[in-house]
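Okay, so here's the structure we're looking at.
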Amino acid sequence: MKVSISRKAHFNAAHRLYREGYSDEENLRVFGKCSNPMYHGHNYELIVQVTGEINPETGFVMNLDVLKKIIKDEVEDYLDHKNLNLEVDEFKTVNPTVENISVVIWNRIRTKLDSKYDLKVTLFETPRNFVEYSGD
Amino acid sequence: MKVSISRKAHFNAAHRLYREGYSDEENLRVFGKCSNPMYHGHNYELIVQVTGEINPETGFVMNLDVLKKIIKDEVEDYLDHKNLNLEVDEFKTVNPTVENISVVIWNRIRTKLDSKYDLKVTLFETPRNFVEYSGD
Amino acid sequence: MKVSISRKAHFNAAHRLYREGYSDEENLRVFGKCSNPMYHGHNYELIVQVTGEINPETGFVMNLDVLKKIIKDEVEDYLDHKNLNLEVDEFKTVNPTVENISVVIWNRIRTKLDSKYDLKVTLFETPRNFVEYSGD
Amino acid sequence: MKVSISRKAHFNAAHRLYREGYSDEENLRVFGKCSNPMYHGHNYELIVQVTGEINPETGFVMNLDVLKKIIKDEVEDYLDHKNLNLEVDEFKTVNPTVENISVVIWNRIRTKLDSKYDLKVTLFETPRNFVEYSGD
Amino acid sequence: MKVSISRKAHFNAAHRLYREGYSDEENLRVFGKCSNPMYHGHNYELIVQVTGEINPETGFVMNLDVLKKIIKDEVEDYLDHKNLNLEVDEFKTVNPTVENISVVIWNRIRTKLDSKYDLKVTLFETPRNFVEYSGD
Amino acid sequence: MKVSISRKAHFNAAHRLYREGYSDEENLRVFGKCSNPMYHGHNYELIVQVTGEINPETGFVMNLDVLKKIIKDEVEDYLDHKNLNLEVDEFKTVNPTVENISVVIWNRIRTKLDSKYDLKVTLFETPRNFVEYSGD
């Protein structure tokens, strides 16, 4: 019996979208207000979904306290109240779009998760925009 | 890296559910209060999900401003504050159930979307009832 | 000890906004898309708040089953799946704006509620627009 | 045209998590505060998703009144305001984790649903933890 | 400049509603399914609102870390994952209705809060039922 | 008949909390992670409530299109995608706490609103923290 279990978390961060090779006009044309060099920010709301068999002994797919610890270590402590462009290694050369942030989060959690589990992350940049990434 | 990006939108409309070939009793039996000939209405809340590769240059699956424009042209301007039965061509011969509305919306967005993307629409008729359609 | 207890409910309805004395142009100018003569509609979400002393015997301000019955009789059965302009007496001469609907609902519940209670209604016309009325 | 239609429902229940073979210390270590022998409880929020072809005559995948009746009979009347450990047969030998509850709900609805439909249940134990089960 | 600042929190608990002096029939008549002697439970969602002047030096009405600590000590650690009837002193003689729980929470926070502040608590027993108490 | 009508809006911004007269240690002690000199950010969700008499001619307390225009001009265009500390005049000498931001928003809307109306703003800094300000 394969069940998916999900846990919500959240962090706040500043970022800007831009590409180094672009002129200022090109950055503004492609990224709009999000290219503001002074930064803006978001409350990122995250859903981490782990899929696996129910352990018949405990009734758990995975102990949520373990998952909460992984999310705290790999996402909240790493990204909360940070400037993504200036303070997070992965975004020194990669544009911190919500798509790329979801891939970074997925990769960080994946390394801490037993390979028997499937992993999906859903990341809301605002209550109106969000992405999903499953490692495919 | 395939990522799904979603954008929320909304529109308000009036409709009634009924089938021309049915007697009044049959319409009432099948469609209940929704068959009221005077119409009733809903706040439809829509989630449009586009799946594709992240463009390594921009970090976007798709520029959300482009997607917002498609949603505005094909859904909001077309359905908002309308009587679906009387004013929307597709529902002159098709019952405007939430299932059929989702298919109409999917078809309208699909024609404007590059074929390299997958498309799914989620449509809430009320906060308690909703449908998903992926074109399958 | 005065406590306010609230109960949520909902109904769906069609309406249009317009004023009989106005020309079509004036109706369109004042009420915009909401003046569409073909009607549009909403999922109205309602919060009914009753304020009073806690009954020391039961621990209740008011039995919620009694309040649910009043809301069902006076609001849901009366307004759900209706065309407010055509089928609801109060709106035959009064414009069914969310303000006026909240007053009608307040008046209908007030007549069924013991005078020892204070009453407030909050009515969402959409998730983004709502009104509050306390009978003042 | 395959469409998924979803309906939300809810019930409140008490439970505790524990395993008969475990010592008290082991139960506390594995299940934490959830192993409290005095019980605690939740507002379970349920989404039942049915996938199938749109019936061209009605425009429905399935009449939601039929689905609502199945959910009422098989879930709400069976689990609402119950102590899951003490009053629900399935949990006399199975730990009432949110994973196992979702499987029980899925099995109960599945037996009442035409085999032409696919079924998925999503069950929120809290607004922050939830599971999905599709019978796989 | 008087501003109200609010902080959300939550806890899960089991309870039953009943009155010792009542017969079983009377308890069932007054409290319905909530009188189940086996208990049921809820995810209580709490909003604590503190009103006061903005401190011109910090821009805070009150440091939210201090408020979070008070909520943790007085509400979460005291009520979370508990059986309210059996394990919480205040409810050994008082019926744990949502009204009475809100008064207990208000009293516990009030004793830890500087008297210059006004305090209101809003407590959701379910997403559909909630109370507000301001100490009046 | 006095009715309050509310409209939701939103903007994203970067900020940091700190006080010029404080040492770095003092800023960290008082403002915690929010004092990060690299900035962080939020999705601010705003509710603007206007209270007044229902105009018997239109059924409106106030035309929402007018209110939406005021919110766009005074809040969204002024604060969206900005660094509050660096780009917004009011916060060059005032700490951009959620309390102070709500006062700035209230003052900006107040100047554009007919004095016959009462005004309240509710500002969510995160889904878990919010303030209310009524000009008192």
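Order of writing sets the chain letters: A, B, C, D, E and F. Residues in each chain are counted from 1.
Convention: a residue touches a chain if its C-beta (ideal position, glycine included) is under 8 Å from a C-beta of that chain, and two chains touch if they have at least 3 such contacts.
Bear in mind that the values here come from a model prediction, so they are computed numbers and not experimental data.
Asker: So if I look at the partners of subunit A and the partners of subunit D, which chains show up in both lists?
Answerer: The common neighbours are B.
Asker: Touching both subunit D and subunit E, which chains are there?
Answerer: Chains in contact with subunit D as well as subunit E: not a single one.
Asker: Check A-F, D-E or A-D against C-E and flag the pair whose interface repeats it, over half of the contact pairs matching by residue number.
Answerer: When the contact pairs of C-E are compared with those in A-F, D-E or A-D, A-D matches.
Asker: Could you pull out the chain whose C-alpha mean position is farthest off from that of subunit E?
Answerer: Centroid comparison gives B as the farthest chain from subunit E.
Asker: Farthest from subunit F by Cα centre, which chain is it? Let me know.
Answerer: It is D.
Asker: Report, in whole Å, the distance between the mean C-alpha point of subunit B and the mean C-alpha point of subunit D.
Answerer: It comes to 29 Å between the two C-alpha centres.
Asker: Roughly how many whole angstrom separate the Cα centroids of subunit A and subunit C?
Answerer: Each chain's C-alpha centroid was found; their separation is 41 Å.
Asker: Round to the nearest whole Å and give the separation of the Cα centres of subunit A and subunit E.
Answerer: About 34 Å separates the centre of subunit A from that of subunit E.
Asker: Check each residue of subunit D and list the ones that touch at least two other chains.
Answerer: Each of 127 in subunit D touches at least two other chains.
Asker: Hey, which chains are touching each other here?
Answerer: A-B, A-D, A-F, B-C, B-D, C-E, C-F, D-E, E-F
Asker: Applying the document's contact rule, which stretches of subunit C touch subunit E when the two form their complex?
Answerer: By the definition above, subunit C touches subunit E via 1-8, 49, 54, 57-61, 63-65.
Asker: Contact residues on subunit C for subunit B in the complex?
Answerer: 10, 12-15, 33-34, 36, 38-43, 45, 80-83, 86-87, 126-127
Asker: Spell out the residues on subunit E that touch subunit C in their complex, using ranges where they run on.
Answerer: Result: residues 17, 19, 30-32, 94-100, 102-103, 127-134, 136 of subunit E touch subunit C.
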